[in-house]
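The following pair of complexes shares a single chain, chain A, combined with chain B in the former and chain C in the latter.
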Partner chain A sequence: MKKNKVTFGTVVKWILIILLVVMQVYPFVYVMFSSFKTLDDFRQLPAYALPSSFYIGNYITVFTKSHMLTYFKNSISVLVGVLIPLLLIALMAGFALSKIKFKGKKFLLNYFLLGLMLPMQVALIPLFTIFNKLGLINTYAAIILPQIAFSLSYSIQLFYSFSKFFPEEILEAAIIDGCNPLGCFFKMVIPMSLNSVITVATMQAVFCWNEYINAYTFTRSTNMKTITLGLNDYVGSMGLTDWGATFAAITVTVLPVFIFYFFSSKKMLAGMSAGAVKG
Partner chain B sequence: MKKKLIAMFLATVVTASSVLTGCGQQTESKTATQQDASEGTTKTTSSTASTGERTKITALLKGTESTEQYQVFNYLLSNYCEENGLEYEIELVNDMQDYFTKLQMYINSNTLPDIYGCPNGTLSKACKDIDALVDVGAELKRNGYYDKMNGAIVDFLTDADDGNIYLFPQGLYCEYFMYRTDIFEEAGITEAPATWGEFEAACQKIADIGEIPLVVGGSDAWQLMRYLSFSPWRITGPDFITNYQAGSDKFSSNDSAKYAVNLLHDLGTKGYFEPGFASVDYTSACNLFFGGTGAIFYSGSGQIGLANEMYKEGKLGFFPVPDTEGMENMPTNVPIHAGFAEAFNKATYDDTMQNFFDYMCENFSDACYTQAQIFSPFNEDLPEGLSQLYYDTQPMFSAAETAWTSWDDKLDSEVLTKIVDEQQKLAQGIITPDEFISNCDTFVTK
Partner chain C sequence: MQKAFGKKSIIFLFIFPAFLIYTLFVVVSIIWAGYYSFFDWSGVGSKAFIGLQNYVELIANDKVFKSTVWHTLIYTVINVLIQVFGGLLFAILLSRVKKGRTALQTLYYVPVVISSVAICQIFLKLLSVTPTGVVNQLLSMFNPALKVMEWTSNPNISLYVTAFVEGYKYLGLYMVIFYAALIGVPDELSEAARIDGANHIKEYWYVKVPYIKPVIIANCILVLNGSLRSFEFSYLLTRGGPGNASELMTTYMYKQAFASMKYGYGSSVAIMIVIICLVIGLMFRKITGEGKEE
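This part shows the complex of A and B:
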């Protein structure tokens, strides 16, 4: 029987891996354990200590004494409002740019790429003025539209790269069988691009869930606040901060992203590597 | 078939956009103001019904639902609006820098709400420049409340350019040092320090018994800046900082300013502040002190709610800003200010808003004491049933006529940022007092 030899390199490699895992996992574990601490625990125990008991009062506070449910509803509405049009438009544009031959195609692709260079902050004041004149301030549309616009460049680029390797023979066969372009798109392109759709959806969903600047600029009332804005409620500006409730709120807000990422990561990795190597 | 598909697609887009917009609108009416280009004036289109009558009052305030400004205005607006069949909407921004950014954006786009929080300084000047400030002083004279206002508050809010009052006080805030009586006793300190020399001696005694003498929120600019500005304020009032900003005075040529620089350097380098003070914010400093760490904390009436219990049990005492030795100190030794203050938008100040203003003055004291646990800016007898700390601290400042001069309001943001950087280095001993003075004297030129 052959024994595995433990080399110095293997030890270093494992130490590094463990170190990286601890660095990645510890902050979340710290936040989660802290969410079960009482006010006395925060005052008396060291920051790294485990809670004296698993106190769930912080979670009750989050859901009963704050507007967390409203913030959740708003964040989900914005997420859905951004993802559906974004994926539809970006996939259509990416696919069309890679498959349809027309004059100015290269220029259009480069034009979309220009969007990657434009920082969101540059557009805030002009957008605020426009939205204000249109009466859109403090509406979902004001938070959703800029996010779709600023995510388009990246998403189109990703779909364009993927679509280049989409087999044209399948499309030709479908057209010969009498399928129109829209039918081809909805019945064939979308189902076959599922991995890349999930990749873009996952990445943009995480960005969208964590988005702050749009929601901060274009909303006014508590009813329209998203989760990232709402977290600010927990930090007392000139007095005591309820750290237990703050950590509970952070845990509650990051969990959906973790769960979503956990279930989609496999497909996402597949989507990322699709098109990287010509098969 | 193709036409049907296109028609269906377009119908879906139209429906989706109207649903999205509709969801966002909810029950709220449209937003603030619209620029009338031809006249260069600002019209309110939002808070009015089709009949032209106001249906809603809007406000922008700094803080959260637990902060005083919100508690006072939410109480007043909800009662007033209920009585008058109106709606109201309060926008809250917690972080100071975020608030300033948002206020600046509303100023730039001329979309200020009916009521907005505003400090007396560069931002109130920017609002005055676009004619978005109601003359609150004139309004107070009209409804008979001007003479009831605390003298120091009037002084604090008086506009430096024209002597009018454009801002309504958030409340009356007085600042003082709180100390732990048990630690003072253990350290053998029998009397609260009356001069900075005694203050430093007390800190040393506390350090000698192994306790932390001073708790400070060193990452918040204003906390360390107080130690830098106490001495010039007691000696010159607002003169030093006003003249420094104008380029006609310097740290190097003002003895009280030099004294303050040395004081901050001493407190920081002798280890009187808590370990890691430079990264502790004010909220955390409150947590530390009221949680049982440290002997002295610069706080004030804004924290009465937190201090109540300990004071009742005899664990807390308080003392005002010490004198600077060898110089002539002014009699007022408790910094008094009006908090963040509120402005009323001149462009939307109609009969309803004037009516609300009168209602607000009438009920402001009640809101201060019953909702926010702060002192009212109006000189009225304290109501019964408040905690003892109110009655014991009021005599300290009731006769004060000179207001606190807040450096962070008076300095322009560029100079302020530079001084804040330097004060951090000074308190941590990275630079000497002489280096601090020579650096800061270059920030403003005539």
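This part shows the complex of A and C:
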């Protein structure tokens, strides 16, 4: 009797689990399959059907008729421009706030954490007018700087909680051997915090790659658009006429994230949960 | 270490870069938006100082703004339900599995890493009516009338559809966090409960879920903050429409400023958003007592 009950429960459990996996993954599988459909497939087959052949014309359309490669180049430039300064200054601040005792430290921490509650969109109007005056609209700086600023709260919080576990004795020894604090930071703190740096980097990289509103507001010309914008514009300009190319465009923009994610998923998932549970 | 690092110049060196960028772009921007909110200004030409008139207009006469506040609240509640409770259920399910946990965890997290733009595009295709998308095609097997069911352009449901899509994207994120918390519950506790005769449901209800309550509260705050300032799903999926049916505070602000060229009025909406976010966020913290122990 009891054994029967357990197996019944297990069956229900697995059905649920598989159902949920299908729900979470199917939309992307559907998009990838649909990107290989021809125009006739879209007209004749039901939407959920597999493509009748392996047609790559949609991808050719995407790469020849849109500026996909420019968008990629822009997204990569923005990513590098955001990540390196962000990680450096957030680790410095997070480390100092967590390890050095000084007056006003608690206030500063709360000051930084306040940013978690402030919506980014609110800053867009003043930033737009200022960037406009300074002639920064359509430059990487206009996309990068606000992103660094608004990612600081979260990154500092994570580095703050990770730094609590940093062993101080090693720094003590280095200082006695004549290493100055900045030297200690670059020679010891950064290498020893590599795990948390990678965690924050992977998370912020995904946020940054997917960022929309900033790039949307501060760029006007096609040659400055990032990949998320490019996708939207592309779909908009093609409208309902070219579904195949739309699906191909979505696939092209999503695929790099997928590849990156499947290589870094272990780190990212661990960091995500550790940061939030302990934070 | 304290002696070497505790020098004012060193502390300054470590904290000032972050402080400067954060203050300039986050804090000053918001103060600046507060300054603009006292003007009637189209973004070009001269600003006319009108005092609190934007706020009076906003609170007394602007029915659309009121509805966007209401929409944002509904949106937030739906998202807390989907992300926090859905995430918790997923996490419990996952913690009951022995084989393939890592693979499942990885797969559940997939929508989290995809950009909102792509998710919105995908859902627009799935929910499409002409040509019939997958969802309507499947539904029409049960009831042919559902083949022409409008999702994003039906004013009665567009807000819920939008909220659902955002919930869908972030569900996996909270699942992962809850899962990490659940497997951190000490084994002795569940063993004691089982010896006392608790079944699995009781074990979770009385032991494991109460044990991770701080994590649940922390996640509620994260979802709350995220949903109150949500922008992309409403803007990209339904354009806030049809009419203003799925307009949120942030999309309304954006449109006032950048489409209607009312920079002063848009700024006053922005300041109202900040106030609402801070009030709700701090209230929730106070009620739940989160952040006291730090």
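Observations, loosely collected:
Going forward, the second predicted complex is superposed on the first by the 256 of 279 C-alpha atoms of A that agree within 3 Å, B and C clash if a C-alpha of one lies under 4 Å from a C-alpha of the other, contacts with A are read in each partner's own complex, and residues count from 1 in each chain.
Definition applied: a contact is a pair of C-beta atoms (placed from the backbone, for glycine too) under 8 Å apart; a residue touches a chain by one contact, two chains touch by 3 or more.
Treat the numbers as computed from the prediction; the structure is a model and nothing was measured.
For the composite obtained by overlaying on chain A, chain B and chain C cannot both be accommodated without a clash.
By the touch criterion defined above, A:L171 reaches chain C but does not reach chain B.
Once the two complexes are overlaid on the shared chain, A:V25 sits against chain C while remaining clear of chain B. By the touch criterion defined above, A:V206 lies against chain C but remains apart from chain B after alignment on the C-alpha atoms of chain A.
With both structures placed on the common chain, the touch criterion links A:F112 to chain C but leaves chain B unconnected. When the two structures are aligned on the shared chain, A:A96 is found in touch with chain C, with no touch to chain B. By the touch criterion defined above, A:G135 lies against chain B but remains apart from chain C after alignment on the C-alpha atoms of chain A.
Counting residues of chain A touched by each partner, chain B versus chain C, the larger count belongs to C. Applying the stated contact rule after C-alpha superposition, one finds that A:T217 touches each of chain B and chain C. Clashing C-alpha atoms with chain C appear in just one stretch of chain B from the list 96-104, 204-212, 240-248 or 312-320: 96-104.
Comparing which residues of chain A touch chain B with which touch chain C, the overlap comprises 42-43, 124-125, 128-129, 180, 182, 217, 232, 235, 240, 243. Within the complex formed with chain A, the chain B residues making contact are 1-2, 5, 16-17, 20-21, 23-26, 28, 30-32, 34, 58, 60, 62-67, 89-96, 98, 102, 105, 108-109, 111, 282-284, 286-287, 290-292, 302-303, 305-306. Those residues of chain A whose C-beta lies close enough to touch chain C in the complex are 13, 16-17, 20-21, 24-25, 27-28, 30-31, 34, 42-43, 46-48, 88-90, 92-93, 95-97, 99-102, 108, 112, 115-130, 145-146, 148-150, 152-153, 156, 168, 171-172, 175, 180-182, 184-185, 206, 209-210, 212-213, 217, 228-229, 231-232, 235, 240, 243, 246-247, 250, 253-254, 257-258, 260-262, 265-266, 268-269, 272-274, 276-277, 279. Listing the residues of chain A that touch chain B in their complex gives 42-43, 77, 81, 85, 124-125, 128-129, 132-133, 135-142, 144, 180, 182, 216-217, 220-224, 232-233, 235-241, 243. Of all residues in chain C, those touching chain A in their complex are 1-7, 10-11, 13-15, 17-19, 21-22, 24-26, 28-30, 32-33, 36, 43, 90, 93-94, 96-97, 102, 104-119, 121-123, 125-126, 128, 130-134, 137-138, 171-173, 176-177, 179-181, 184, 215, 218-219, 222, 225, 228-229, 231-232, 236, 250, 253-254, 257-258, 263, 266-267, 270-271, 273-274, 277-278, 281.
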